[in-house]
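You will see two complexes here that share chain A, one where it goes with chain B and one where it goes with chain C.
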Partner chain A sequence: MEFTETKEGAFLVLAVAGRMDTLTAPEFETRCAACLEAGNKRLVVDLAGLEYISSAGLRSILSAAKKLKAAGGDMAFCALTGIVAEVFAVSGFNKLLPVLPTREQALARA
Partner chain B sequence: MSAVKRGLAFRLSALVLTGAGVVLAAIVVTTYFLAREALLEHAEANARNKAQALVNRIESVLAPIPRVAQGLAYDLEDQGLSEESIFKRQRRFLSDNDSLYGTAVAYEPGGRIAGRTYYAPYTFRTPLGPKATFLGGENYRYHAMDWYQIPRELDRIEWSEPYYDEGGGNSLMSTCSIPFHKVENGRRVVAGVVTADVSLEWLKRLVAGTSVLETGYAYLITKSGTYVTHPSPGVAFHESIFSRAEERGDENLRSIGKDMIRGGSRFVTVTSLHTGKPGFLVYAPLPSTGWSLGVFYPRDELLASVNRLAFITAGLGGGGFVLLALLIVVISRSITRPLTRLTAAAREVAGGRLDAELPTPAARDEVRELAESFGHMQTSLRDYIRDLTQATASRERMESELRIAHDIQMGILPKIFPPFPDRSEIDLYASLTPAREVGGDFYDFFPCGDDQFCFLVGDVSGKGVPAAFYMAVAKTLIKAVAESTSYGAQRQGDIPGAPPSRRCTDPGRILTRANNDLAQDNDSCMFVTIFCAVLDMKTGELRYASAGHNPPVLLRAGGTAQYLPTRQEPVAGAMEGVTYTTDTLTLAPGDGMLLYTDGVTEAMNPAQELYGEPRLLARAERFGETEARERCESIAAEVHAFAAGAEQSDDITLLSLIYCGPEDDAN
Partner chain C sequence: MAALRLPACEESLAAFRQFALAEGARAGLAQDTLNRVELVLEEALVNVIRHAYAAAPAGCERQVELSCGADADGVFRLSLTDWGPPFDPVGGAFARPDDGSPEAELEVELEANLEADLDHREPGGMGLFLIRTMSQPAYARKDGANVLTLRFPPQADA
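Let's look at the complex of A and B:
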């Protein structure tokens, strides 16, 4: 799994590429924790490059989002494609977390 | 083991001894040849000196004789001596030379006194003193004799072949003849010959008496090759060096003889005809007579000292070799003995006796280092095996615990099919195949109230032990909620405290309540997807709700199948306060439901392809009139075949329900 960080105004855009499964999911949590540590409370996670996500990956996303929220920040997701979008839909994550079609829309949030 | 030991010691010894043997042999051989060379050179010089000394001794006697005779010849030529002065001179000549037997002055026929054929004053030695006489006569025609004719014809000093004089002194003699001249018609012509008869007895004794080593000898030949002296009896005077060479076909001897009479002087290798021994011959000429002296040295006697030296060297070498061999055997034993002991110890260790005692060689050498390394290896091996034993025990304990956990997990799932043999309204079958020992999938079914039948399938995020714990909690909680009367009553707005009329049979509410309970203090952020449905067995009314679960398949009696659309409401346990919606549909007799987890649709084959929802639906459409159990088993079999040996990555859970219609009133 590969990460790319870009600072966009108040937001930090974290682009994730690869597969998020049982083995790699903890990396995402660690990365988010590092971002929070660095003072970035508002995260936009760009999942355009994510090919696959397992239930363990969903758990990591949930965990990271909750920690950010507890710290007074928030986490939005954007640019979901294919099976990832499907998993988000079926599992109802679309309703639990802010999920937007494009990065611009995610950044345009208040 | 003994073969190895013998091999090393033997190879070491054999190699060193072969090398040492070759070197020693080379030393002995080289020493022998060098010593022989040196000794031969020395012997040659020695032999030459010895021969020359002998020659000198002989010459000291023979050389003055021609000189004196020449003097007499000159006097005769110059002064024309009277007969009396000739005799006088002859007497003095005899008294001056002990080896001289007699001397004559022989004239040509009529040379001194006209008409007198023989005129030869002769003085010779007798026991009573010198005696004067005249030679020549009818029975002694000296002009035809060799001693007169040869020097006269050749006009030079000539030594005769030795002869045995029976008339004169009964002794071996040789005559030295010197011609003297007169002038006739202006030409210098031979007037006669002065002779000196030399007794050779002393020469014979001198040469024969010369001792050369043990069996060596000296001999003398004249310039015609005739032996003057020779150690073999009957050879002297009777044979010549050439006759002997002819007799035996000895070319070497012939060429030696030629060189000898030519006045050569050499040191050559020959085989003695006298003794038959190989050896060396040194020969030198006697200048005054033209004779040659030969001295034979037997090779074996000459080389005796060299051979003795060679024997001593070989003996010393052999002794040294034996000593070296002993030393090497001792050394190689001392090297291989600790190795042998180490090998034995290693064998014990290899046999499993890890605490076997290792030998510690006394010498601080490579073998000791090997033994120490071996000791380290033994220690490491012991530690490693101990760790491995512990790890294995620990793993076995873990596996055993996991096995028990598996049994417990399977134990909390209902497994008796058909579950309600006395109720004919439904046909139900469920199966769960964990990917590991324990998993996060579950299913459940139970009656909840009059004619109400609740069934559900859940899938906890993740796998393994954490998922199994969460699954147990989720399953227990849902059943508790579904069976809780008070909860259902409260939510339905009943008066608090009033006796509950019915249990909660609303799946949306069950999920809402279960979600709240699961989400509380859920620090690990685990969650579970649940599809929960409640069937009214009398009417066929089915109420259902889904917490982020895969859409189940609805199978109509006619054989059509479709995925039941869900509202995509969130997974349970993720967040408090989510409200789940209950949907309703009606099952006709023969209709069925197929619930599953994503272990089915996300099963992968070795080409990384997913089994997928289209395949599942196609399979479901082919069910026909089959029973619930058959349906589950056919899907499980198809998924297994699809995976084609690829490792199962997720739990596979299937639950099939067929509504058979309400019970007949008759029953």
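Let's look at the complex of A and C:
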């Protein structure tokens, strides 16, 4: 998995590319913990470059989102495609977390 | 039907994935079906790797075999075989969802979990849920082995 961080006002945009599977999923949680430790409580996770996600990825996201929330922050997602969008939809993650079509829309949240 | 047998460990995941995707492409599957095959295979394999041999006697050969290809009716199929103690990962709850059995209760909990908010959402159960959502699973105990068959009929909405 590859990560790219961009500061956008109150938000940190974390662009994730590659595959979030059983072997790589823990990297996401670790990265989010590092973002939080660096003082970024509001994350927008851009998944445009994410090709694949399994239940291990969902667990990693759920854990990271809970930790951000506990710290008074939040985590939104944008630009999901293909199987990633399908997995978010059937697993109920679209209702659990803010999921927006574009990065601009995710950044426009209050 | 092509088959691949490897040790039941995470190091085998990549080889199984490559094998199944190559067979799927050869069977002419559309990309969205290939994506589901990849996902369901990972979930089912991880289940075997983590659980199938947990209660197996020492010295047991911990292997898993994947065979895949198109069935006689043209539907693509994955079959996973392990030689652990009998275990049906997909039985019960879906076949009879409202009979009050422990499996049915688990299913109700899982469904409730899908609607839960961030504070109440539990992390477990998603692998089997994805298997059942994205394929037609069937379990059989055959010749001392667990055989999980996962079928991928063409999507009506595709």
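Here, the second predicted complex is superposed on the first by the 110 of 110 C-alpha atoms of A that agree within 3 Å, B and C clash if a C-alpha of one lies under 4 Å from a C-alpha of the other, contacts with A are read in each partner's own complex, and residues count from 1 in each chain.
Simple rule for what comes next: a contact is a pair of C-beta atoms (placed from the backbone, for glycine too) under 8 Å apart; a residue touches a chain by one contact, two chains touch by 3 or more.
Treat the numbers as computed from the prediction; the structure is a model and nothing was measured.
In the superposed pair of complexes, A:K66 makes contact with chain B and with chain C alike. Of the two partner chains placed by superposition, only chain C is touched by A:G82; chain B is not.
If you count the residues of chain A touched by chain B and by chain C, you find the higher number for C. When both complexes are overlaid on chain A, the residue A:N94 reaches chain B alone and has no touch with chain C. Using the contact criterion defined above for the overlaid structures, shared-chain residue A:A56 touches chain B and also reaches chain C.
Once the two complexes are overlaid on the shared chain, A:T22 sits against chain B and chain C alike. Applying the stated contact rule after C-alpha superposition, one finds that A:V45 touches neither chain B nor chain C.
Residues common to the contacts of chain A with chain B and with chain C across the two structures: 22, 55-56, 58-59, 62-63, 66, 90-92, 95-96.
Taken in their complex, chain A has these residues touching chain B: 22, 55-56, 58-60, 62-63, 66, 89-96. Interface of chain C with chain A (complex): residues 10, 13, 31-32, 35-36, 38-39, 42-43, 46, 113-119, 121, 123, 126-127, 129-130, 133-134. Across the interface of their complex, chain A is touched by residues 459-463, 524-527, 529, 547-551, 566, 568-571, 574-575, 578, 598 of chain B. On the chain A side of its complex with chain C, the touching residues are 21-23, 52, 54-56, 58-59, 62-63, 65-66, 69, 82-83, 86-87, 90-92, 95-97.
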